[in-house]
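Have a look at the structure that comes next, please.
Chains: A, B, C and D, in written order; residue numbering restarts at 1 for each.
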Amino acid sequence: MAAGRRARKGDSPHFEKGDSPLFPCDVVLVTGFEPFGGEKTNPSWELCSLLPDAIGRARIETMAVPCEFRRAIETVVSAIEKHRPGVIICVGQAGGRDRLCMERIAINIDDTENADNAGVQPIDQPIAPNGPTAYFATVPVKAMAAASRIAGVPAEVSNSAGTYVCNHLLYGVLHYLAASGSTARAGFIHVPYAESQVVDKPGKPSMALPVMARGVEAAIAAALEQIDGP
Amino acid sequence: MAAGRRARKGDSPHFEKGDSPLFPCDVVLVTGFEPFGGEKTNPSWELCSLLPDAIGRARIETMAVPCEFRRAIETVVSAIEKHRPGVIICVGQAGGRDRLCMERIAINIDDTENADNAGVQPIDQPIAPNGPTAYFATVPVKAMAAASRIAGVPAEVSNSAGTYVCNHLLYGVLHYLAASGSTARAGFIHVPYAESQVVDKPGKPSMALPVMARGVEAAIAAALEQIDGP
Amino acid sequence: MAAGRRARKGDSPHFEKGDSPLFPCDVVLVTGFEPFGGEKTNPSWELCSLLPDAIGRARIETMAVPCEFRRAIETVVSAIEKHRPGVIICVGQAGGRDRLCMERIAINIDDTENADNAGVQPIDQPIAPNGPTAYFATVPVKAMAAASRIAGVPAEVSNSAGTYVCNHLLYGVLHYLAASGSTARAGFIHVPYAESQVVDKPGKPSMALPVMARGVEAAIAAALEQIDGP
Amino acid sequence: MAAGRRARKGDSPHFEKGDSPLFPCDVVLVTGFEPFGGEKTNPSWELCSLLPDAIGRARIETMAVPCEFRRAIETVVSAIEKHRPGVIICVGQAGGRDRLCMERIAINIDDTENADNAGVQPIDQPIAPNGPTAYFATVPVKAMAAASRIAGVPAEVSNSAGTYVCNHLLYGVLHYLAASGSTARAGFIHVPYAESQVVDKPGKPSMALPVMARGVEAAIAAALEQIDGP
């Protein structure tokens, strides 16, 4: 299903202006979100500090992203232009889920009952008025979920990243990469609440930060192996 | 978000060869599925017999659809060509959900761990290799969910119809309508198990068939009102 | 497991003063609760009006019970003394459950974060300071759940009626019957929300009132058959 | 609610034959179960190795308990007679729960659809034919759950330990202590699956072993403080 824009081994590792941007997999950008919805922390950003500096031969760059429509995309696009990653993995909190969720698709709509951190609350708004209805993630979501499970961390492929800032960011990044002709791959991993967040939320599952980080690391390694070859 | 292909009031109720097919809302096609996955019944088809013959000024046509990739689409497309409905509402069982789900989107992928009724089990296959990644439903999903709730029947908008025959059918119908330039609208409503199906499924919610039918009827009335005007 | 106080067939159907009260099964008392917790209705009481006047050879008496500690017990005990039922089935709403729950046991404690309808909110208070820690229900809970399922209505045995007014009432009734030496049997059936109650409660399952009533009727018939013999 | 057998500060720390056994809180016995139900591990036993050697001034003794009716009780009773703990905390796995559950009560019944590790499958059997219907745990379950939450570990009081070996063991230990006139306190903590157990169990929550151990440790500290005084 995923597109034919697979970076071949041996492709130049250097992006040259004027060419379609070809980002090698020697850098992986991992983003996490700032807290939102009244939470004091966001596990998606906290786990970033638990990731190693490198996975395989790729350097890991991490960054916190504001939980705001528009600005989330702008922030990550700036980081893409700065770090030129071959793979971008955005991570976000999906309170109520019980395992890592590798998102298969991002859809062209913002729709939320809860305002973002800037007070913006779009209802049934397209993200890109002339953009396609949806983009499939360009990372190998099944291999990533399987690798996480092999590492002992519950994970599955999800068919909806929702219609809040998480879906918005994944759509925006994929739209930017498509528009700029980049060969970089992008995906999104939703993580459960951390346990400290659910002490007063009966019925809500959680996952420990080190467990999340272990699953995300295994997923990134699997993505790199499929994209770059072993 | 939904397209600008809204049927204007006063449009000719007759489809003429050579024109883009313009289907008036004097017929609504409601489809249900045959049983699958070892179940003896499928509430999506059973509830069809509880619907009235007409909703507003639209005649209701119902039909059972085989739970098979490809044939499901072919069967419904044949019925569209026969009945020329202005609105098509496909209904399917989503075991485990606790309320009606008006599906917002269909995505271009078949992916299942369970074979369909013909023994076919596609994994990560596009439905239409050259089709778009996704289609938004062209019925007013929020108005339909609200109308169901006003009728006392739990309902919500869903952002994923899965990747089995239900999503396949919605995608196929929307793809056919887009390809044929039709102004007919199409949507999909997922329903919970009926209570008889969960007597031996601890932890699985259910809904009574007359309740489902009441919600579907209210949803169709709301769709007609928004599309046709009062 | 339950005690040896089983009414033998042929026992006098008349209670005589001075004897231990022997209530025949020609009357079944079914109680439902008034609404509580901000709800406008309570399905446990609404379903009572859907029960038949008689099940087998037993007349069905129904009554609404206030959702108040103490008064709930007093109200039902008064009705027991008036109607002299052989079987008492109290019914209550357990929002969030997805099927009928035949309660196996009542425990000697009131403990709630939500005040009852009189504003009383006991925390870790014994119901009967000198009473036993718990009473098993004296109706055949497994046969009742099985009969409900055979009637197509999801049902299971539950091991906790909670620590709110429902458990309080079951404990109180069993304590009264034990203290008075009565041979009458008593049990409790928890029912889910009705569908109208969950239209604005995403994630909460429901059950239609006629379905609940069908299950309760089947359960009562099974209880009578086991207690009285066919 | 719990009995008046509270060990007063200053009570002799030595158990003297002929007296009712008075166990001081200088030893806490923590038990975990062997794997059962096809699982390869049991987090209740695995977390024991993550507990400290002492909590406050109490030494922690841990032991694995066979997941077998009868033998589970015998094993723990032997350890009680050997170690003379002031507090006994049995820990067990409750697959499907999302947080620690401090059990409030044990009931006098064995009832299971799944045989124990010795192939025994009791149905509606009393644990102690002449024993009381139930025992309340004699540890401060609310303080323990609160302490776990303060330590950042989700926890709540539960009103049912089920009717399998876990409830059986808690009932058996409390029955033994009551019969022997011991002042030792006993309780039961149910823990979720560890994350490695649910990689192939979609929809099942989990908790990391170090998180569980942190919650159990905080709970034990709280129990000791309430029982012994600070």
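FYI, a residue touches a chain if its C-beta (ideal position, glycine included) is under 8 Å from a C-beta of that chain, and two chains touch if they have at least 3 such contacts.
Predicted model, so just to flag it, every value in this text is computed and none were measured.
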When chain B is superposed on chain C by its C-alpha atoms, the rotation angle in degrees, nearest 5: 180
Chain whose average C-alpha position is farthest from chain B's own: D
Copy pair chain C, chain D: interface residue numbering same or different (half cut): same
Centre-of-Cα separation between chain C and chain B, whole angstrom: 42
Whole-Å gap separating chain A and chain C, where each centre is the average of the chain's CA atoms: 52
Gap in Å, rounded to a whole number, between the CA centres of chain D and chain C: 32
Shared interface positions of chain B, touching two or more other chains: none
Graph class of chain-chain contacts, one of line, ring, star, complete, other: ring
Footprint of chain B on chain C - complex, ascending: 98-99, 149, 152-156, 195-196, 198-208, 210-211
Complex contact set, residues of chain B against chain A: 1, 104-105, 107-109, 124-126, 132-136, 142, 159-160, 162-163
